[in-house]
Amino acid sequence: MSTSVSTLDKSLVHRLPAQSPTLFDAKAKKNLSFEKIAQELGRNEVAVAAIFYGQARASPEDVQKLASVLDIQQSLLEEQLQGFPDRGRTMDMPPKEPLIYRLYEIVQNYGYAYKAVLNEKFGDGIMSAISFSTKVEKETDKDGNNWAVITLRGKWLPYSRF
Amino acid sequence: MSTSVSTLDKSLVHRLPAQSPTLFDAKAKKNLSFEKIAQELGRNEVAVAAIFYGQARASPEDVQKLASVLDIQQSLLEEQLQGFPDRGRTMDMPPKEPLIYRLYEIVQNYGYAYKAVLNEKFGDGIMSAISFSTKVEKETDKDGNNWAVITLRGKWLPYSRF
Amino acid sequence: MSTSVSTLDKSLVHRLPAQSPTLFDAKAKKNLSFEKIAQELGRNEVAVAAIFYGQARASPEDVQKLASVLDIQQSLLEEQLQGFPDRGRTMDMPPKEPLIYRLYEIVQNYGYAYKAVLNEKFGDGIMSAISFSTKVEKETDKDGNNWAVITLRGKWLPYSRF
Amino acid sequence: MSTSVSTLDKSLVHRLPAQSPTLFDAKAKKNLSFEKIAQELGRNEVAVAAIFYGQARASPEDVQKLASVLDIQQSLLEEQLQGFPDRGRTMDMPPKEPLIYRLYEIVQNYGYAYKAVLNEKFGDGIMSAISFSTKVEKETDKDGNNWAVITLRGKWLPYSRF
Amino acid sequence: MSTSVSTLDKSLVHRLPAQSPTLFDAKAKKNLSFEKIAQELGRNEVAVAAIFYGQARASPEDVQKLASVLDIQQSLLEEQLQGFPDRGRTMDMPPKEPLIYRLYEIVQNYGYAYKAVLNEKFGDGIMSAISFSTKVEKETDKDGNNWAVITLRGKWLPYSRF
Amino acid sequence: MSTSVSTLDKSLVHRLPAQSPTLFDAKAKKNLSFEKIAQELGRNEVAVAAIFYGQARASPEDVQKLASVLDIQQSLLEEQLQGFPDRGRTMDMPPKEPLIYRLYEIVQNYGYAYKAVLNEKFGDGIMSAISFSTKVEKETDKDGNNWAVITLRGKWLPYSRF
Amino acid sequence: MSTSVSTLDKSLVHRLPAQSPTLFDAKAKKNLSFEKIAQELGRNEVAVAAIFYGQARASPEDVQKLASVLDIQQSLLEEQLQGFPDRGRTMDMPPKEPLIYRLYEIVQNYGYAYKAVLNEKFGDGIMSAISFSTKVEKETDKDGNNWAVITLRGKWLPYSRF
Amino acid sequence: MSTSVSTLDKSLVHRLPAQSPTLFDAKAKKNLSFEKIAQELGRNEVAVAAIFYGQARASPEDVQKLASVLDIQQSLLEEQLQGFPDRGRTMDMPPKEPLIYRLYEIVQNYGYAYKAVLNEKFGDGIMSAISFSTKVEKETDKDGNNWAVITLRGKWLPYSRF
Amino acid sequence: MSTSVSTLDKSLVHRLPAQSPTLFDAKAKKNLSFEKIAQELGRNEVAVAAIFYGQARASPEDVQKLASVLDIQQSLLEEQLQGFPDRGRTMDMPPKEPLIYRLYEIVQNYGYAYKAVLNEKFGDGIMSAISFSTKVEKETDKDGNNWAVITLRGKWLPYSRF
Amino acid sequence: MSTSVSTLDKSLVHRLPAQSPTLFDAKAKKNLSFEKIAQELGRNEVAVAAIFYGQARASPEDVQKLASVLDIQQSLLEEQLQGFPDRGRTMDMPPKEPLIYRLYEIVQNYGYAYKAVLNEKFGDGIMSAISFSTKVEKETDKDGNNWAVITLRGKWLPYSRF
């Protein structure tokens, strides 16, 4: 029994594009982590997981490598991944999943604090969620506690004057 | 006219605790940024903004310093800040403010990707939003573009087996 | 500055009955914990806090003792506490407060598991939330970690056959 | 006709992971209670029911024992239980089921009272729903009335200062 | 301290018409039950309570008698009660009040059963909630248990054929 | 063409347990009213309709009689009816069906009036929807108008003092 | 290609009763308008369309005529149309369809104006939506503009005094 | 006591523009029906009620006449009525008021039937709610029953081809 | 692998009419852009995409050309496209897709500003969304940045006076 | 009576920042259109209306000119306009105002069509609502009909690859 790779809950399939079960099934069969697959693609593991959930686009090279590392017929993957992602429908908000809810709660609690600080640092505008990258890191402190560190990095977009 | 410090929208006051207008009014009058105030308190500026919005607790020393740096009567601040924060009611979700919405959108789009990656790295559990700290940084790339970097750091909590 | 007693967030007052600010203000002034007040009344501290939030009824004896221990004019308290509680409107659901949300999440995640186990133990029915009592306890384990223990005890009500 | 074991409502299957009908069908066929199965696994019956509903993780040993006690092919169960639970989607909130609604109502009515008492006992923080265990007990009073007792025990997490 | 008459929660006043606080204040001062007032008016006590909450209309004779039995200036009451009731806004649905929720739950659980039985008894149509009366009765069984009996009686309206 | 028995709308099947289409199909084929079936079972017709919609539990004797009167294979019915009802999910609230909406409207309009009167008659508590029975009756007045009379009878549960 | 008869959007079928696709498919095949079918049945075309959508009841004679004019096997139609309509579930509100939204908007904008005028004309009561008929007419003004005229005619129901 | 003119529920004032209480108070004082006022203005009574609720615009001549017939200072009314109506916010949907709900229910039940019939009569388009008028009439049948007749008349707008 | 044409996310199919998968599959197979297809039909590419999503009507000539350019059997397309569009159900609001959300956000942020300016320019009325056309253009500025320009053009409809 | 300038509905004031009534009152008193004020500021009239509603930022020069053209004390305006806009809270969605709803409906109906066309023209990304400008124009066709033309121009932001 493989204990450590993320798989796809069957009850979620109807909310996801065609490639999601294809990719997750192959990943489960080969027992590969997103970290491993990401190394093959030269991309961040969060971006790769986002491709699996239909939330990010795969380039033709990504598709080729995914097909190869996951032993999927390339033409099938090309067909399933050719379109532009239709993002955001994997879940209803507020998130019910406790792990994802914690991120939502951070936005709910610190949202205005972020805005106040960002406005003072950058002026009137927003941090882009499109010109944007993110990563997840693991830290272990001297007491042996693990800490998750999520970094969000987005381009600052000032409001146009018109 | 001070152009660079965040102030409090009057239409938000009824959702906030008593200290919010007290603190924001004093901050506006003294034209102080959260960065400045945070330096005085030895805390992160996001945490300080969160105190202003009633989303974080001020220690007795924080109260003393806030009263001093903002020229507020200490007894008034002590009274207004003595309770335990009643968090999360500054806004309705989904956030309507574009800056805060972008953070919400990141959770909506990448939520399952974060979960998949975190589960593989840490096992079954969550990143705490309580044993948690966050910071905001500004980067400028070689083309002169500004980038906002938000870091979320939370203790990993594995689900108890029972 | 009193650091340890719960107070009332002013932005909540419009959702609460007239006695709430009366009681909380007096409690803050006298710096009394719910535990202390509960000892005076011979009731559980959760029940006393529920009276403060208008979620439980005070008996005439409770009113007398509350007036006495909190130095409130008895006739005022009698008038404010004479009616039957209009329960449930202190917050919108889902709760935004992280502490209360955790309780909500327990219901959301374990709700069906509780039902399945209770049905097997008791048959077809419900655990009453009216013929009901609850308490909060604090435990400290050998590593110095604190644990909150909440006990819910309700009469089992079988569905009537008709 | 077996009268006393909980089964799975077919109209709920589409909200549940693949293992749910597998496990419930086997349980119904063998007419086993959660208490019985829990004894075999050395776990609490609520935790076992939560595994059945996809709300808790089964260890490899749990899977082995479940397969054995329920006469399910182990490889099938291993495949269906290998992933990390995608929690919280068994129902929409507010719960419509009367038994589960009563728990929700307790949170709605006593939420602020719990918070006030917990803050006074522990300071600013939350009771974890992750470092958490729960149990259900049956008491019968001298008048022959049955009482359900649900215990929630969670680690206290103080808010980090940052 | 009057213990047995229903009063008006102050936090509800903004949802109610002008007569509500007038009537409830006078009722509290005179410590009168709805049953008593209903006897004076020759109406059912539920109808009288509905007048107090702005959910039913008072006839000119009702107004006269209300003014008299409650010692309210008749011209004030005439002015406040002259309009047509703007019904239904006393609460948001689902009801949060446990007593009212139970009635809502009965509709939620038995709604289709009522419809199936009514259709078979009367054909295609509805039970009017306008050509309608209702009453509340108290029964005590031989074991001393109290039972509330609510009767709903509405004209059957068949769908028009057109 | 049978004109007078209630049947099951096919678009509702996915919200109902497995026994619902089994029972309704057999009822339609035999053209039996709930009144008839209820007489066979010695139960109220609303309770029987509730069993059909999965909102009430059938005893082993009920199952036997249902199988017999409806010509259904007993073992099939035993299997479909063995579990504990998962109540409340037959419809979304507010009800869209006009007949059921009228009942909902009665709760919405008269909810507080019922509470005020019940509190005065019984004290602080609720009318149980579990220790509860209900019936539907038909009355015809001297002008030939039909009236539907629904009676709700629930045990009064006083709030526990703790 | 038939251009002028209304057909059934396939994505709506799961919300409709069994007769809807039967009727609409036959109507499309025979290319009949609701006006035509209504003439055959001696009913209004809106009522006929409502039968197609499961929102009105067909009498045995209607069924016979529908089977004949639409070339549907009568026994099939009898079976599909024998029950009592389960109304109101064809769409979620607010309506997303622009044509239907305009009607909703009229209620939203003029609702209180209708109430004020109706109350003055009829007293305290409602216009029935059950003892009710409606029709659609087409007018063309002298400039060649078309106007749709929808008439709603409902019995006035005064509130009962009780 | 005036029994027959519609007045303004005080709890609605905060949702309405400044002219609403001005106009309704004057109307109540003069005990005028909308029908009367409409005759003075040469407009339909529904339109006049809509002006009172801020849902329709008054022309300068309307303002002059309103001031005159209602004895309001013209300059005050000019100031309060000078802007463009901000429509639609008088109530939340679904309407809770039973009279208005019936209109909403008609849209909910017959919406698709209207669309199907209108499309067949007019083609692809909508009935305008802007190039629109409406009226309310009272009919009494030979049995003495009153019927309300509401007419909606809107320009047909075909979808543009582009 | 075709990289540049929009395809249809399979998880959206159940919300769309029958022609949507037919048209999108043919388009993907022939690798045609909406711009190309629009040129063939002599229509705007947004209108053509709207036909694909069931949000606009195709004329008989459009159907003929679509069948020809996409190599679809004409009779199939005629059957699937013969009805009147049932618009607006492609997504739930607020839109979760980031691209579409930005348009929604523009309405949310600038809605009142548009209204204020339009009212001043045109008087009391609306811009029609039916007598309406729209187009999308691409501009590239001197720095090589791309800009999307969306034009909305609707007939001004003044409110009727009645 | 000024008939042509937009004013502020008093019932909206509590959702707006402090400057909104200041600016609108002065504008009404001076009877100035947004077009006029925009000419003074050298900005687009939609942007100016957005400043009035707190949805766009005014530069120090804008503030100076606004104070001058509207005869407002400059220091007051500086204080009210110094903060960063807290956007998006002027209304609840869906918009109830018919004019604004039409814009929302365009997004609802054409959202996916815009996305499909934009993706084909620009690739995977979004049109920015921040690096964004908009304008409103009036056209009159040869038949004397008025047309409103709204142009949305936003920078294209491609998704970052990471």
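Per-chain residue numbering starts at 1, and chain names A, B, C, D, E, F, G, H, I and J are given in the order in which the chains are listed.
Throughout what follows, a contact is a pair of C-beta atoms (placed from the backbone, for glycine too) under 8 Å apart; a residue touches a chain by one contact, two chains touch by 3 or more.
Going by UniProt, the chains are A, B, C, D, E, F, G, H, I, J = Cyanate hydratase.
Small disclaimer: the values here were computed from a predicted structure and weren't measured.
Legend: contact pairs of B-J compared by residue number with C-F, E-G or G-I; the interface matching in over half of them is G-I.
Inter-chain spacing, taken between the CA centroids of subunit F (Cyanate hydratase) and subunit H (Cyanate hydratase), is 41 Å.
Remark: subunit E (Cyanate hydratase) and subunit H (Cyanate hydratase) have CA centroids separated by 29 Å (rounded to whole angstrom). Here the CA centre of subunit A (Cyanate hydratase) is 47 Å from the CA centre of subunit G (Cyanate hydratase).
Centroids built from CA atoms put subunit F (Cyanate hydratase) at 24 Å from subunit E (Cyanate hydratase). Those residues of subunit B (Cyanate hydratase) in touch with two or more other chains are numbered 5-6, 46-47, 84, 86-88, 94-98, 101, 105, 108-109, 115, 119, 123, 125-126, 128-130, 132, 134.
Applying the touch definition to every pair of chains gives A-B, A-C, A-D, A-I, A-J, B-C, B-D, B-I, B-J, C-D, C-E, C-F, D-E, D-F, E-F, E-G, E-H, F-G, F-H, G-H, G-I, G-J, H-I, H-J, I-J. Against subunit I (Cyanate hydratase), the residues of subunit A (Cyanate hydratase) that register as touching in their complex are 14-18, 54, 60, 63, 78-79, 81-84, 86-89, 129-130. On subunit I (Cyanate hydratase), the positions that touch subunit J (Cyanate hydratase) within their shared complex are 4-6, 33-35, 45-47, 49-50, 52-53, 55-56, 87-88, 90-91, 93-95, 97-100, 102-123, 125-129, 132, 134, 136, 138-139, 145-156. On subunit I (Cyanate hydratase), the positions that touch subunit H (Cyanate hydratase) within their shared complex are 43-44, 46-47, 56-57, 59, 84-86, 115, 119, 123-126, 128, 130-135, 157-162. Considering their complex, residues 1-3, 5-12, 28, 95-98, 101 of subunit D (Cyanate hydratase) touch subunit F (Cyanate hydratase). For subunit E (Cyanate hydratase) in complex with subunit D (Cyanate hydratase), the touching residues are 94, 96, 98, 101, 105, 108-109.
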